[in-house]
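Chain naming follows the written order as A, B, C, D and E, and within any one chain the residues start at number 1.
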Amino acid sequence: MSDMIITLMTFSPLVGVLLLFFIPKDSHGLLRGVALASTIVTFLVSIPIMTGFVTNAEFQFKEFYPWIAAGPFQMNYNVGIDGISLWLVILTTFIMPIAVLSTWTAVETKVKEYMIFLLLLEVGMLGAFVSLDMFLFYIFWELMLIPMYFIIGIWGGKNRVYATIKFFIYTMAGSLLMLVALIVLYFKAGAGDFNLLRFYGLNLPMATQTWLFLAFAFAFAIKVPMFPFHTWLPDAHTEAPTAGSVILAAILLKMGTYGYVRFAMPLFPQASEQFTPLIATLSVIGIIYASLVAMVQEDVKKLVAYSSVAHLGFVMLGVFALNQQGVAGGMLQMLNHGISTGALFLIVGFIYERRHTRLITDFGGLSKQMPIFATIFMIVTFSSIGLPGTNGFVGEFLVLIGSFESSLRWYTIIATSGVILSAVYMLWMFQRVMFGELKNPKNKELKDLNAREIAIMVPLVVMIFVMGLYPKPFIDKMTPSIDKMIQITRLKQQVVQAPAPQGMPAGMPMGHPGMPMGNPAHEGMPAGHPAMPVTK
Amino acid sequence: MLSLHSYLILSAILFSIGAIGVLIRRNAIVIFMCVELMLNSVNLTFIAFSKYLGNMDGQIFVFFVMTVAAAEAAVGLALMIAFYKNRESIDVEDLNLMKW
Amino acid sequence: MGFELFGLPMIYYIAMVVKVLVVFVFVLLTVAYATYAERKIIGHMQVRLGPMRTGWHGLLQPIADGVKLFFKEEIIPSQADKFAFLLAPVIALIPAFIGFAVIPFGDTIEVMGYKIPLQIAAFWDQGSNKIVDLNVGVLYILALASVGVYGIVLAGWASNSKYSLLGGLRSSAQMISYELAAGLAIISVFMMSESLSLQKIVADQAGFGWYVFKQPLAFILFFICSLAEINRTPFDLPEAETELVSGFCTEYSSMKYAMFFMAEYANMVTVCAVTTTLFLGGWHGPAFLPGWAWFIAKVYFLIFVCMWIRATYPRYRYDQLMRLGWKVFLPLTLLNIVVTGLIYR
Amino acid sequence: MLGAYLPIILLVIIAAVFGFASLCLSSLIGQKKSSAVKLAPYECGCEPVGTARERFSVKFYIIAMLFILFDIEAVFLYPWAIVYKKLGMFGVMEMAVFIVILFVGYIYVWKKGALEWE
Amino acid sequence: MLQFPANIAAAAGVNFAAIMPEVILSVIAMALLLVNVFIKSEQKAYLGYLSLAGIILTFVTVISGWGTAQSGFNNSVLQDNFALFFKGTFLVSAFLTILITDQYLKREECNWGEIYPLILFATVGMMLMASGTDLMTIFLGLEVLSVSLYVLAGFNRANLKSNEAGLKYFLLGAFSTGFLLYGMALTYGATGTTRVAAIASYISQNGMVLSNPMLLAGMLLMAVGFSFKIAAAPFHMWTPDVYEGAPTPMTAFMSVGPKAAGFAAFLRVFIVAFPAMKADWSELLWVLAVLTMTVGNITALYQTNIKRMLAYSSIAHAGYVLVGFTAGNAVGTAGVLFYMLSYAFMNIGAFAIIVLVGRKGEDNNNVSDYAGFGFKHPVLGMCMSIFLFSLAGIPPAAGFIGKFYLFSGAIQAGYVWLAIIGVLNSAASVYYYLRVMVFMYMKDPTEEFDWLQVSPSLALCLLLSVAGVLIPGILPGSLLDLAQKALLM
């Protein structure tokens, strides 16, 4: 059974979908229960993956079945997990039960369909993270769109139709370009199959790389979202129902950054090196711009949405630093952002459910009325700001260290101001909502969090502290894979730029055993510096 | 005797007259007659080529074109009658129920 | 012989002009006297005398009629489409008179060593020593029959009179219906002769190998259909005086009316000539008379039959007429083709 | 072939001249005393009612269409008739099939009542 | 690819095996025509069943013929795998169309049995187009198809829109036939033959293509004629009006079968007869493809009538298919085959829903009339969503695989920009497909949809369509393989 565990995990929500089909649409309790059970089962199935993951750079739990063979094409069902995807998979399975729980009372209409879409979404996300066949990845990537489209469009806010179509078309346009690039890549690789690992071994000419990278980068940039492709995000976030926002923020956005780490950079190293300044610029602009915009938001949810843009700017900066700290920080920041921003959206959802408004001016002084809520809100806010002791700190710190030590030093310095800005807008918002006078009479009726809501938040809060105080296991498991990714990328950058040393095999052994943090191996080495050897 | 070119030029002229007629005339029947003119100019082309090449294919083709033109005429007139019954007009300007 | 034009000797042109003029005059005279003959024959059949005043036994009657019509007032109804109104009789007239062109009306004669076929649209090709005639003669006849319809429809439409319109429509419907049956009926003749050339068809019937014996059904069908096609009684509905006040020519007067009248009789002559050619052996006959005499005799006999029919049968009702054409004649002609195909394989 | 067509052209010219000459002659020598009433379309002596260019029975169209269709089928029979002896049994069967198909349409038209004239 | 098989190139004379499907279907259609006039109007549905049986019978013939090439009638027809694949497509579309016809006819009270033989005759015409290897045969097939379609488009004769559609289609269809024919005539004059294979050998022997303007003009005019038939811009003007006005099942049929037939003949003529001029015609098709996609998609964005919207969408789809055609390689061409088959399922499926939702007099066909439909009828809503997603080219529907193949073909042949324009169009097209779903799921219902009645045959059509969209979408291997094999013989 264990050799099929990824399949089992990926498709176990489908069992829930099948069950839901046969449950009458009026028995809401049962529907919710089954959906919750299904996500919890999925989470449970994913635990052996986490525990059974051996810390090395190899893909594990691999499965391979031929799927489509037609003409020059060979697509396979090829899945596996490495350190990069491991935590994102776990994050997904971890967030999903919480998302389902969060909709317990928020969604009262068309519960059956809602739950079906949530579960389908989970299949899509898990599938995209575990795919090693690029065609399969693309299928899952697109598959995520449909449920999300419905979730925002049907259960969203007033402006939901606009938001959801914008979301869909933006993402679709990007991913279709990626598809074209994928096909080009396939033919450039000499037809065979869509195996990602095979593509890693390619040495493409610079011009090809440039175009392909642009296509992939465009698709992922929309998903991240990077400035200036971010405009769909505030709309989608604001209009989506709470669970939608949570999933969107916690997982879907990670698809973009994951795409860079897994595909765009290692596949097209020289191009990614060439475009590093551009991407870094956009990231920094994104950080500053989103922070500034967040500051003036009236709507809490919009504020959180813009904070997402800013946070993901940090992730991108870290990833493109292309050294161990940077990438690891970026990866960790992806998890952190998933947890803390997810939690923030949940929190916004809680008060929205009570007051049906999200305007900051409608609130004030809630802390007196809702002490538990206030406490949790505060913890999550600190996590989002990146206060030491919370998870946010570790990630942000690593990113800044990493990128400071890379060629992106000056970008880092500017980006650091984003950290301060984030503290400003988050705390200001927190202050306006929670403290001050309890002026609005409607707020006097507010009840504090109930048991279910606390149950939802507790795991997140726990994770905030666990990851903030003891991030080592997380980082350790991903480090070999990150090293390998950096190696692939760097190595090929060098192959083209400097004449390759004699006898250097194209596919050098990549298994670089886990380097402890702070290993000076690459310290101070600007990414892509031509003279610098990658391996000792 | 007349050369192949004269036939071809004549048929090209007829074809153009037909095509232009289709585009500028407003009466459905006239338009249809212009279409028939086009078809017949094609027939002329076929016959001229057939004669020139000493090859019967072109003439056989003309048979089929004529047959088809007849069938089209029958169907077309039926459609025009049906339209006229409901609309009291066969002016293509009145084919305007659907526009984008 | 020295002078040539388009590769043809001068004598060809002379023969051509002579033949054309002779035939034209012959048809014109036949038409004129067919009107007279009709009145006389029917008169006598109905125990009347017919025209008696002008000339001996009224022999000058056709000329008198012609002169009278010339002096009649020409009326073009208001609101009529003037151009079409004037054009219609000419369109009716021309095909009626030129149909004769492809009919071989006698054996080949020799003048100064140059063979002249007695057929307008034919000549002797000295190179191959063969008579060349229009190899699609029958199609020519059928085509002219179709053109003739235009004259009548145009007349009916241009007159701007309800009777005319209805008459024109009726006649066109009738003509095309029977044209179809007639066209299908003669296919069996082509199957026998394996040619559309009337010269060849006539040649095949030499020595009493007349197609009327081999294809009696086709002969009957073709002759009746032809009567209907030229609007002869009992199928003269388009001009039914009692119903439609002469149908399509209600509004026509003077010479224009005469032209329709002439066209009708010329058509009759042509049809009889075609029937003779296709079924009655053309100009073939016992040698004691020249070919052209046999031909004329046969044609006149058929014209007489037409008049005889007119004297005998009442007019059909329109629905009966159409039913006869579509439901009886059409399947019969198809059947005839299949049977012929099976027998004369 | 020109030799066979030239006389026809001549005949056409003669017939046309004859036709147009009669037209012109009669209009030249005929009397001209027209009046509005005389020029009115004939309607049994009454005032003409409405226009004559009205709609008329669709039957005429149907007959016309049927004619076109069947006539064109006849077009196929003519060349066949010329060569059917050379084609042998195959030719006969081929045309039998053709006529059967024609007959299917014929029966359809008959049963649909297109040949009824009421 | 698509070459005339050498081993049977010499085969001449009659060979009924080469036109067996056509023969069977024509005989059945004629029999139905006769049966139709002898039965009562309540029994007309039997005609539908009979025609379905006939289609199945023909389909069996088609399947049993797979793998063997039959040439006949002096090489004017060639039933190879290519033809058989298309014949299968036509039969599928006719089958699905007939399944939704009955309900429509009853609703519109125009329950005349002629529609079934007409559909079958149109199918015969399409099949003839697919297997025609002589311009004459192709033309005949095209006209058998077109004449039937003119009638079908105007079939609802009491409805003014249907009249108008029929008349418009007729006038423009006949017009385009003129161009096609003129092209054929010039090609014939330039090469002295109408057989496509002989045209190709003439060109290869005589070379100097560009120095023969007549041939080039012939090819261009033929391209224009075919473009009319497949509704490629700028020759697409008739499509929206005709599709909107025609009876809905006929719109479904027209948008699928004839288009596929047009492509079959287009492909056959251009790939077999003009391989030497590929450089010329692929330039032309490039432009056509871009125009067609763009015009179709952009205009579809503004439509409010769902039939009209799908009409523009079908124009756009012709554009995608032209992308594969432009590529002209094995992948692209196989993509055309695959796409046309899957398009049959998804489009007819969508039209089945439109038939259901519509009301007498072609009413209720606005996109806004679908408000709340998805939740009132979850299963039907799901079907419609699947069809729309497939049309939009979103996995795991067959439409995605089809587009993937078409664009792959273009990319393999080096037309990367064409593929990019294609996918951008595809992304834009998502908007109007989604708009239907927006109304279906995201607007409050204005109607109860309680009049909806799903007849068993319509349900069968939906079932088949969903299967035809999802199964090749998830496991396209065997069908793609079939499409590839269709080209190799």
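One rule holds in what follows: contacts are C-beta pairs under 8 Å (C-beta built on N, C-alpha and C of every residue); 3 or more make two chains touch, one makes a residue touch a chain.
Only a predicted model underlies this, so the values are computations on that prediction, with no experimental measurement involved.
K.L.:
Counting one step per pair of touching chains, how few steps separate subunit C from subunit E?
P.N.:
Shortest path length, in steps: 2.
K.L.:
What does the chain connectivity look like after leaving out subunit D?
P.N.:
A, B, E | C
K.L.:
Starting from the defined contact criterion, work out which chains touch subunit A and subunit B both, please.
P.N.:
E
K.L.:
Of the pairs A-E and C-D, which shows more C-beta pairs in contact?
P.N.:
Pair with more contacting C-beta pairs, A-E versus C-D: C-D.
K.L.:
Sort the other chains by how far their Cα centres are from that of subunit E and give me the top one.
P.N.:
Of all chains, C has its centre farthest from that of subunit E.
K.L.:
Based on CA centres, what chain would you say lies at the far end from subunit D?
P.N.:
A
K.L.:
Central chain, going by Cα centroids?
P.N.:
E
K.L.:
Centroid of subunit B to centroid of subunit E, CA atoms only: how many Å?
P.N.:
The separation of the two C-alpha centroids amounts to 25 Å.
K.L.:
If you average the CA atoms of subunit D and of subunit E, how many Å lie between those two points?
P.N.:
40
K.L.:
Take the average of all CA coordinates in subunit A, do the same for subunit D, and state the distance between these two points in whole angstrom.
P.N.:
So the centre of subunit A lies 81 Å away from the centre of subunit D.
K.L.:
From the C-alpha centre of subunit B to that of subunit D, how far is it in Å?
P.N.:
Each chain's C-alpha centroid was found; their separation is 20 Å.
K.L.:
If I count partner chains per residue in subunit D, which residues reach a count of at least 2?
P.N.:
Expected reply: 64, 66, 71.
K.L.:
Write out all the pairs of touching chains, ordered by chain label.
P.N.:
A-E, B-D, B-E, C-D, D-E
K.L.:
Across the complex, what residues on subunit C touch subunit D?
P.N.:
6, 8, 12, 16-17, 19-21, 23-24, 69-80, 86, 89-90, 93-94, 97-98, 100-102, 120-123, 125, 132-134, 139-140, 157, 159-166, 169, 172-173, 176-177, 179-180, 183-184, 187-188, 190-191, 194-196, 245, 250-251, 254-256, 258-259, 318-319, 322-323, 326-327, 330-331, 334, 337-338, 341-342, 344-345
K.L.:
Over in the complex, which subunit B residues touch subunit D? Could you list them?
P.N.:
63, 66-67, 70-71, 73-74, 77-78, 81
K.L.:
Given the complex with subunit D, which residues does subunit E contribute to the contact?
P.N.:
Residues in contact with subunit D: 14, 30, 33-34, 36-38.
K.L.:
Please give the residue numbers of subunit D that touch subunit C in the complex, ascending.
P.N.:
1-8, 10-12, 14-16, 18-20, 22-23, 25-27, 29-34, 36, 38-44, 48, 51-54, 56, 59-60, 63-64, 66-67, 70-71, 74, 77-78, 81-85, 88-89, 91-92, 95-96, 99, 102-103, 106, 110, 115-118
K.L.:
Which stretch or stretches of subunit E touch subunit A in the complex?
P.N.:
By the definition above, subunit E touches subunit A via 330-331, 334, 375, 378, 389, 394-396, 400, 404-405, 407-408, 411-412, 416, 419-420, 423-424, 426-428, 430-431, 434-435, 437-438, 441-442, 475-477, 480-481, 483-484.
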